[in-house]
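Each structure below appears as structure tokens.
Each of the next two complexes has chain A plus one other chain: chain B in the first, chain C in the second.
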Partner chain A sequence: MSRFTFPPSIPSRPVYGTLAPREAAQHLMVADAEGAEALLDLAAAAPEIMAKAHVIYIPRNAGEALVEKLRATGPDILHVSPSYLASVPRLRRVLSDTVMGAQVYLAGTEGLIGQAMNEALQAGIPLAAIQTEHRGSVARRVQCVHCKGITEDVMTDPFVCSHCGLNLFVRDHYSRRLAAFQGVCIDAEDPGEVPEPVELYK
Partner chain B sequence: MSAGTQKIPVIVTAKVPLNELVTRFEFQHAEGGSLPPFSGGAHTVVEMQDGDKTRLNPYSLMSDPMDPSHYAISVRRDDQGRGGSVFMHDKVQVGDRMVISYPVNLFPLDLTAKKHLMFAGGIGITPFLSQIRQLERIAGRFELHYSVRSAALASYAEELTTRHRAHVHVYHDDQDERIALADLLRGQPPGTHVYICGPRGMIDWVRETAADLGWPDAAVHYEEFLAPQSGKPFDVQLAASGKTVTVGEHESLLEAIERAGVDAPYMCRGGACGQCETRVIRHDGTLLHNDHWLEDDEHASGEKIMPCVSRFEGKTLVLDR
Partner chain C sequence: MTIQFNDETFRDDYTFRNSDWAIKRFPFPFHEDSYMYSVNMEQHRGGPEGSVFEKRFDVDEHYISEMRDRAIVLAEDPLRCQSLPHMTLAGWDLLELIMVSKSEDYPDLFELHRNGDKWRWINKPLGIDDTFTFMDDASLPYGPMEYITRQAQGDFAVLDQRENNLWMDAGMVTTQADWSLDFDIGMNFFEWHAPVPRAHEMGVFKRALKFLLNIQQGSPARRLNWTMTVNPLLDTSPENYHKWGVQKTSLMPENIGRKQHLRVELQTFYRLPRSNALVFPIRCYLIALDDLVTVPKWGRRLHRVIRDLPEDLATYKGFIRNRPMILDYLSQYDDGKPTSPGIWPDLETEPPLEK
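What follows is the complex of A and B.
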């Protein structure tokens, strides 16, 4: 099951919806891992939009099966990318070439959704034309507030910053600019007093 | 005290007929010195002392927003209207003292936009003139599509096409020129915002076409000043001030309330801004809603009215004012 319902949190924490097809001349879809399942649901609800869809998909650990299922929906373009970073030049080009009225669909992990959302907004896509749906891992993209380094796919709280090695407490405080949650040193006052890491949302 | 009703005494320094319908009026501060700067798309409410009658009409400021030496408005003569534009054309002369309100902007540019796509119909050109001045300063990207009845009535078209030949397109009704709206809206880069000022039909046409092509509402801006409609006279009780006043045939409910000496809030006087929203305590008859501020369910509820443009027919109307 790729769906997860996040418990209520502070207002800065992003919330996600369910992708719904909309009338448009162009559809841009970006997904990673189990996010493909949200696109498959979208295509099942409105098969006709796929002929006008440019799909960028990053399989990560989800395997080839989802790639073949996506291809079977008949998208205008399906681009499979080895990582989000590798897909960014294409994403930017597609966003700059699109027109007002185009619809953007983002699905998968929070890191993918947040970063692609940033690119879309910077390109001038109105927020109201962007839909998101979380699927798959609840891992977070976290910025260490001390060294500013970003650690991807953080699964436990606290965790060790992959840049400076501090023990970081994972907050719900989120930066749209960075598309990352905030990680704050948990043992600054009593160095070494670090609680046992627990898996997020366990 | 109403928002935007702080007053400025001014002197009429120019009255320039542009064509058979439109005349430009320029104002300077009556006590000398600077007028407040404003933002493109702002309007001012001009007070007209027409005999014992005070008229308050909103007009878009069309001069350079950063030029504090004077303001300019353009007034289209409407002989079928309630008399404000005819008063401006026939009675106001250079050298007259008048009172205008501080500028208020209900039609500002969205400066997060990467491109501004403007649609003007007739006298609806005026807010765009100040917006374009503002954009010139910041090298903002814009494109104006201006629909006019004929070349003779195309106010400021020549000035605009001379200054911005590549960005201004004029369409003449009498030569069957039409804006290729759907094609235009289909080909706009991301970050484009649409602005419309003109007759109701034009505003609806652009808004509906944009919505059909997937444009979000937040990227579509429009301004329409409604003139108050004339209608049958009716009585209104003002519960909070304990007064009863009769609203005349060619008078708006708001004007009648003001005539009774009650300081009611207002800003645009055109059914758009929401400032004058008033609670209906009791009514026995029909509220004739003419605004585009209240939602349909609020219109149907009979609990609110916008006295600047809406009227009443029936026995009793009691307002919380």
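What follows is the complex of A and C.
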């Protein structure tokens, strides 16, 4: 229900998998909104790993029900954060403490996965120890190539840059460093001729 | 020969012009009457005297003005020059490569005096005479890559080599054909080429990467690439596309010969000695169609290439909306006669236009 199959795209676009339990002394799980459902599936497949799991969860609009279900899986630590940004200092602190072989699980929106992936890589976690699973909203995080501002949760194409106000179309070109897709002015050659926004993937 | 440097602009009033010398040595990119992607690499071991291939880093009449344009771009947007922390050594490698090459290839313009790690660099066209300590970042006014590429025409991508791939981890990019260093920095070879249509499916990038990974020190390679640009605008960046994109609509049958330019990139590839990085200079040459068609062979051939180019490539190269007008113009210079193989103008042997 919260799963979405992305259409085939260009090589810079990330692809997501399905979280699978792995042997490790530590498990760091970061999820937002419906991403909790991926963690619940993981916990159902391997209940024993939860006792070694530090879970950071940002419910967004998913409500309390998923928080309670996560708590019921018995994680070693469950931290509920009001926003991704608010969770970053804690995430960095936890990443700085991970032991050799620790496993990282990221689930939820593309924005959450991309940004948390960056933090993990910068902390020296090898790519092979990071798993991702997309769940929930297909909204994208988009950088305006013109003003460099990032607009979160973009649901339509084109959209208005929340920083400079230009009308941008969303390219599939993706920067892992920025954890963002690229937005480019759509009416540069025909100023004012902006197509009606359509919902992404519709 | 002594180069007469032009005082010209690549923006606003666009006073950029090519002399007859620059027209005849223009790197025309089509060796036959059609175009499709290929891994068109060859060794970069000089070329005919006076050609843009002769020297390791070609210096031409646009040098001073291009460097002035670069300084303007960097003042507006410093993100056009970036280097990830592990790329400083490659920056020194690049500085050495350019200083040694230019001082050897153009001894009347550039001098390099080395006494151990105390180096003195004299750049006469730009009026620079600096003494610094090689490998000491604090002894230069900029990082080594930025310092030397503010004095070298063309963009520079500095690629780290690891995991059997190349990573765009540093660069100076102010004369680009619509790609963003700030967005692409840190990407691998396949990622930064992701938006290019067709070439992935054709296997072009896999073969090109294999070739590039094996480039050895002292054996640089080169290829030509091309696109079309309205006005002699060097900075066709995505960053400023909302400002320059509208210029494409200024093309009219009366001005197309002066405004529409063929834009050619001479891409070279050098292995750097200490860092094992690969530097990828992308040198941009512009020529107005009016100037290009003074070479009859080039007028005939460009018409055929543009006419037969698949639609997705014309779209990617950004001139699909103006293609009909470009073809109207170019068709005047195609009399249907056969053309000689190769890129050279062949002015003495090719027949004049009969139309």
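Some observations on this one:
We take it that the second predicted complex is superposed on the first by the 202 of 202 C-alpha atoms of A that agree within 3 Å, B and C clash if a C-alpha of one lies under 4 Å from a C-alpha of the other, contacts with A are read in each partner's own complex, and residues count from 1 in each chain.
Here is the rule we use: a contact is a pair of C-beta atoms (placed from the backbone, for glycine too) under 8 Å apart; a residue touches a chain by one contact, two chains touch by 3 or more.
From a predicted model like this one, the values you see are computed outputs, not experimental measurements.
Contacts of A:Pro11 after superposition: chain C is touched, whereas chain B is not reached.
Set against each other, chain B and chain C differ in how many residues of chain A they touch, and the higher count belongs to C.
After overlaying the two complexes on the shared chain, residue contacts for A:Leu95 are found with chain B alone; chain C is out of touch.
Of the two partner chains placed by superposition, only chain C is touched by A:Asp190; chain B is not. By the document's definition of touching, of the two partners only chain B reaches A:Gly124; chain C does not. Using the contact criterion defined above for the overlaid structures, shared-chain residue A:Leu166 touches chain C, although it does not reach chain B. Legend: residue contacts after superposition of the two complexes on their common chain; A:Ala46 is shown touching neither chain B nor chain C. Contacts of A:Ser175 after superposition on the shared chain: chain C is touched, whereas chain B is not. The touching residues of chain B, counted against chain A in their complex, run 113-114, 185-192, 210, 212-219.
Those residues of chain C that touch chain A in the complex are listed here as 79, 180, 182-187, 190-195, 200, 238-246, 248-249, 321. Chain A contributes residues 10-13, 143, 145-146, 148, 166, 171-178, 182, 184-185, 188-191 to its touches with chain C in the complex. Residue ranges on chain A touching chain B, taken from their complex, read 22-25, 95-96, 98-103, 123-129.
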